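The structure follows.
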Amino acid sequence: MTTPTEPYVLNIGPQHPSTHGVFRIRVVMDGERIQDIDMIVGYLHRSMEKLAEERTYTQNIPFTDRADYLAAMSGNLGLCLAAERLARVEVPERASYLRVIFAELQRIASHAMANGTLVSDAGAWQTPLLYMFREREKILDLFEMTCGARLTTNYMRIGGVAFEPPPEFWPALLELVDELPERISEYEELLTQNEIFIARTRDIGVISPEDAINGSLVGPALRGSGVPWDLRKAEPYCIYDRMEFDVPIGRNGDVYDRFMVRLAETRESVKIIRQAVENIPDGSHKTDIPLALRPAPGEVYGRVEGPRGELGFYLVSDGGPAPYRFHIRAPSLINLSLLRELARGASLSDAVVTLGSIDIVVGEIDR
Amino acid sequence: MPSGPTQIDGGRVANALNRALPGIATTSTEEWVEVESSRLEEALRWLHDSEQFDAAQLSNLCAVDYHDHFTVVYHLQSFDLNQQIVLKVRVVDRDTPTVPSSYPVYKGALLQEREVFDLMGIHFEGHPDLRRLFLWDSFPGHPLRKDFLGIGEGLTSGLQRFPFENKEQPDRLLNRENIVEQGSQETPEGWSGVAST
Amino acid sequence: MDSLGVVIAFYVLSAITIVSAASIFLLRNLVHAIVLLVVVFLGMAGLFLTLSADFIAVAQILIYAGAISVLFVFAVMLTPLASRDNGNSLYAGPGLLLGGAIAAIVVVTAFDVEWNQLTGVALEQRSFTDTIEVIGNQLLGPHVLAFEVASVLLLFALLGAIVLVTDPNNEDGAAAEEEAGKDTAVGGSE
Amino acid sequence: MTDRHSELPATPMARQIIARRSLLDAAKAAPVSLKVAGSIVLLGLLLVNALIGFIVVDGQLDGEWYDFRDLGYAMERLRIELDEVNLGPWLSYWVTGLIGGLGILSFIGGFLLIGSWIERRLLARFQVRMGPNRVGPFGLLQPIADALKLMQKEVLIPMGADRLLFFLPPVLVFVPAMLAWGPIPWAPGMSYLDINVGLLFVVSITSLSVLAIWMAGWSSNNHYALLGAMRTVAMMVSYEIPISLSLIVVVLITGSLNLGEIVAWQTDHNVWLAVLLPFSLFTFFFSSTAEINRTPNDIAEAESEIVAGFHTEYSGMKAGLFLAVELGNALFVGALVATFFLGGYGLFGLEQWIPPYVILAAKASFGYFVFIWLRSTLPRFRIDQLMTFAWKYLIPLSIANVLVVAVETSIAARWEVEAIFIYGSFAVVNVILTVIAVRTWARVAGYSSSFERPEPPRVAPMIGGLKAARRIKAGA
């Protein structure tokens, strides 16, 4: 005998603690089980791709800050690399090192945020989040020292980086690099052995490697499913080919694996930063480029491994100072392709945790 | 030479495609290959299944408006072979441009096709849930089209000339030492505001 | 029943109980009816208190106001919204008959029992201090058989409820239950 | 903050953090005259305390109306005095009842004010931040500012809400929370409601709040609220069973339902029931977290899932009442744990020196502290995990626990040895049995060790796609 129950619609968002921004999901629920979901995005749409068509390549760099506002440096790097490839601009070696240092710092900060909010979604009342914020604050302090901004850094330029870091930057960075492995071990101790956390994340939101690849997942979501794919290894940009680091991959493709992959990646990032700081050469931090860069007509798809995965920039030039077409391949948006299939049949609590493990940034979804 | 380090020659892809599915690839350069729009799904499925190309993931899907036609660009990624294929489809019809959906082959096209439909107005036939993604349903027009809002006869969006450029010396370098001299640049008042084609 | 306070309490509680009980079947909103039902239970508990039956009063609150009402809550919440209406009068006739019969029994009993032996001094002696002991001794002494029979009955009711909600033909239900078991907090058999 | 950073505060925020002073710094920076005056006051207090201690030990206070260790004597005296006025028994009844009620209410009210500050400060400490420190000294006036803000806020009633049922719950949830404090014994003669069915009274009164919460959730006309309310109802009904079963064990051992006698039993035998009944303590505490919606069982108001649960739609002081009740309930559970398992007001003879109600308040506050600790540490269970835990684990084990303790009680009643040997052996046996039973039952009910130690992520030896993934998986 089954009791007939009425499905009802639950409107999660646009303002909701666990949607991480103005992201709305309309959920059809049967009791605690989700029958169907419908994502409604666009509350933060700023038509960046259209606006970018009327701005020069350098003027477009701030858009990348605001797209993925938790990983501004990676966005900057992606656009600069794509534009440099399009305009055939050579970058000084020191600038490449600085770019890698800042991109990896940004990855640590972003992963700290992602993991913290994931544990917060699982119900730990903000303690892990705030612990991870502690390190993120220090990284943002380093950004502030260097370029004056904490969140929307606008630091990288086509042909290099905007500023040479101040002298006090290097000791502070070394100190942070020294203490970070300890901190990461602390989180591992705090969370990875926690019975409740494991019960909430193990075997929840499982994505098979086949689905992950076919569903266009990238980044930690893809690696959590066990696919060993990292653009830093596969298509090394900047100076990643000279760095020694590992690519951690998950075992089951569940929420726990995605969490652990992120945690392990921060460790690798620390390694990369340490190597970069040791080997950074002297020299100029940028090359001179024309005020209005006019690349030859053509197109380019430049991509970097951002904290959320493959962050691509598809630029089409018609020979003018502004890109003819400027498209951001937003990993946050495309990683959501599988959300509907994951959420169907799951309970509300699981869906929330799964969404947290995919790690979306609404600024990047909507652009 | 293809612009991406792992991007493979479009001509190679075109040859292989034409051998397997005769007449499917219409144009190709060393960067990309263009296929016939009606047989897109066939081409994608063949690339997805072939051992030689193994296009496992649709990593990027976007569309470009070239005034007289649209081009839908597919960036296909093979992980095992570590190579990238750029596939293009040309759509000439401006009123109801229609392309077969790639969703049956790649689930990751779900939201990307919705985005292209929303912003560029290209219909994807066979998409299970083709609605606007970012904008509301009653939004007039498709903003990423070059003629959106109809700026004027012969005028389109885009930047022809950077307003602060020095007219006489367009290749002036930008760096810290090179401080902009007074009067050497065009003022915003002197800038017409809209570029003309 | 000597003190004025007790008399006032009796009348006030009786009024509350009767008015709420009457409102239950006059109200059309089932949710309001449940809330009033709880008021009835609490009023009854108060009436028991005026009779120095503290154990019964507390048990009344615990079982009826705390547990039985929750059962009704679940029943109402599982009712489809459209039929969540107290206006059904299909059972009005039989209900009235049954109610009348029960009322008659109560009235007859009330007049038949020698109430006097438990009032006044006798009631004073049976103070609050030993009610539980007396009840316990009675239940596990002379009335142990009835006590055990009642518990067996309850056990069978429990089993019956489980049998009723488990559908052997419904594979989905079994699978769902298995799945639920797999996702448990510290469970999760491999 | 390391030395280099403190020398070189690079950013405004770092400078601000360094500039914050602690309580110790304030004391160090005080002028010498203030320090001297403070020391004199402290010394005077010590002297007065020594004097009081002398009187106490001397036995001069025992049972007198001015015995400040047990305010019950004063009440008794007051009652006798009032009875002599010859205005009828109602006078003494009402006056003492009012005084006692006001006493309890003012204690809880005071705690509600200070408690939210304590909770926020402690949580902040757990979370490496400062906590409220702007309003008043050390932020002590923050709760008052909060209350003022809540009172000023508009009380919104959502469209389509059942107005009467929406209005009632904040009140109805407050009443049982206050009533339940009645039977708690604060000192041997100091219990507001010294009834024989005290334990049952507590259980039954606390079970009433279910309905208020359900009313709040249903009448809000909001799916979040309804979901939260139904979660609460299901959870509370489930967890009342383990609570009752764990308390039955207490009754079995002590032989009384009267809270005062339960405490007296522990004081007499010089043992805390926590030692004798570790499993009951755990069951009671864990189930109580479900009953009062605290972490890890706060699924009824899981803010990451259903915003605020049943009180999503409440605003202003109505929401404030819900929050206050939640806070007061945490303290109440602390008091109950203290009474049942931690020796109540007794502290191995120290209650002769320290007023027993202070001891009880300290123990209750300790329970409250543990709740805060849990809140800042643990994630949240899912509803089905929680229900499974109650029905599959806690209830069977609790029943077994009742059986074991019943056997032990009958042994204790028949075996004529020194009480210390009996209860000492019981303590040892119960601790061992608890550990064994919990482990065995966990295995029986399907607990697997993979949940204990999940493996860390692999390191990818190569880069690739599906084939590489399969190869890595097969190779490992």
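When the chains are written out, they are named A, B, C and D in that same order, and each has its own residue count from 1.
Simple rule for what comes next: a contact is a pair of C-beta atoms (placed from the backbone, for glycine too) under 8 Å apart; a residue touches a chain by one contact, two chains touch by 3 or more.
Remember, predicted model here, so these are calculated numbers, not experimental data.
Chemist: More C-beta contacts across A-B or across C-D?
Modeler: A-B
Chemist: Of all chains present, which has the mean Cα position farthest from that of chain B?
Modeler: Ranked by distance of C-alpha centres from chain B, the top chain is C.
Chemist: Quick check: how many Å separate the C-alpha centres of chain A and chain B?
Modeler: So the centroids are 23 Å from each other.
Chemist: Using mean C-alpha positions as chain centres, tell me how far chain C is from chain D in Å, no decimals.
Modeler: 30
Chemist: Can you work out the whole-Å distance between the CA centroids of chain A and chain D?
Modeler: It comes to 41 Å between the two C-alpha centres.
Chemist: Using mean CA coordinates as chain centres, what's the gap between chain A and chain C in Å?
Modeler: The answer is 58 Å.
Chemist: Would you mind listing the residues of chain C that make contact with two or more other chains?
Modeler: Expected reply: 183-186, 188.
Chemist: So which stretches of chain D touch two or more other chains?
Modeler: 381-382, 384-385, 451, 463-466, 468
Chemist: At which residue positions does chain B touch at least two other chains?
Modeler: 56-57, 79, 82 - these are the residues of chain B that touch more than one other chain.
Chemist: Taking the touch rule as given, give the residues of chain B at its contact with chain A in the complex, in rising order.
Modeler: 3-7, 31, 56-60, 62, 64-65, 73, 75, 79, 82, 84, 86, 106-112, 115, 119, 133-136, 143-144, 148, 157-162, 164-166, 170-175, 178, 195
Chemist: Show which residues of chain D lie in contact with chain B when the two form their complex.
Modeler: 463-468
Chemist: Within the complex, which stretch of chain A touches chain D?
Modeler: Against chain D, the touching part of chain A is residues 8-11, 16-18, 29, 32, 119-127, 130-131, 134, 137, 141, 144-145, 168, 171-172, 175, 192-200, 202, 209-210, 213, 223, 225-230, 233-234, 246-251, 256-257, 260-261, 264, 347-350, 352, 356.
Chemist: How about chain C: which of its residues touch chain D in the complex?
Modeler: Answer in residue numbers: 5, 29, 31-32, 35, 38, 54-55, 58-59, 61-62, 65-67, 69-70, 73-74, 77, 128-132, 180-181, 183-190.
Chemist: Once bound in the complex, which stretches of chain A touch chain B?
Modeler: 41-42, 45, 47, 49-50, 53-56, 58, 85-86, 211, 213-218, 227, 229, 234-235, 286, 288-292, 298-302, 310, 312, 314, 316, 318, 320-322, 324-325, 327, 329, 333-334, 336-338, 366
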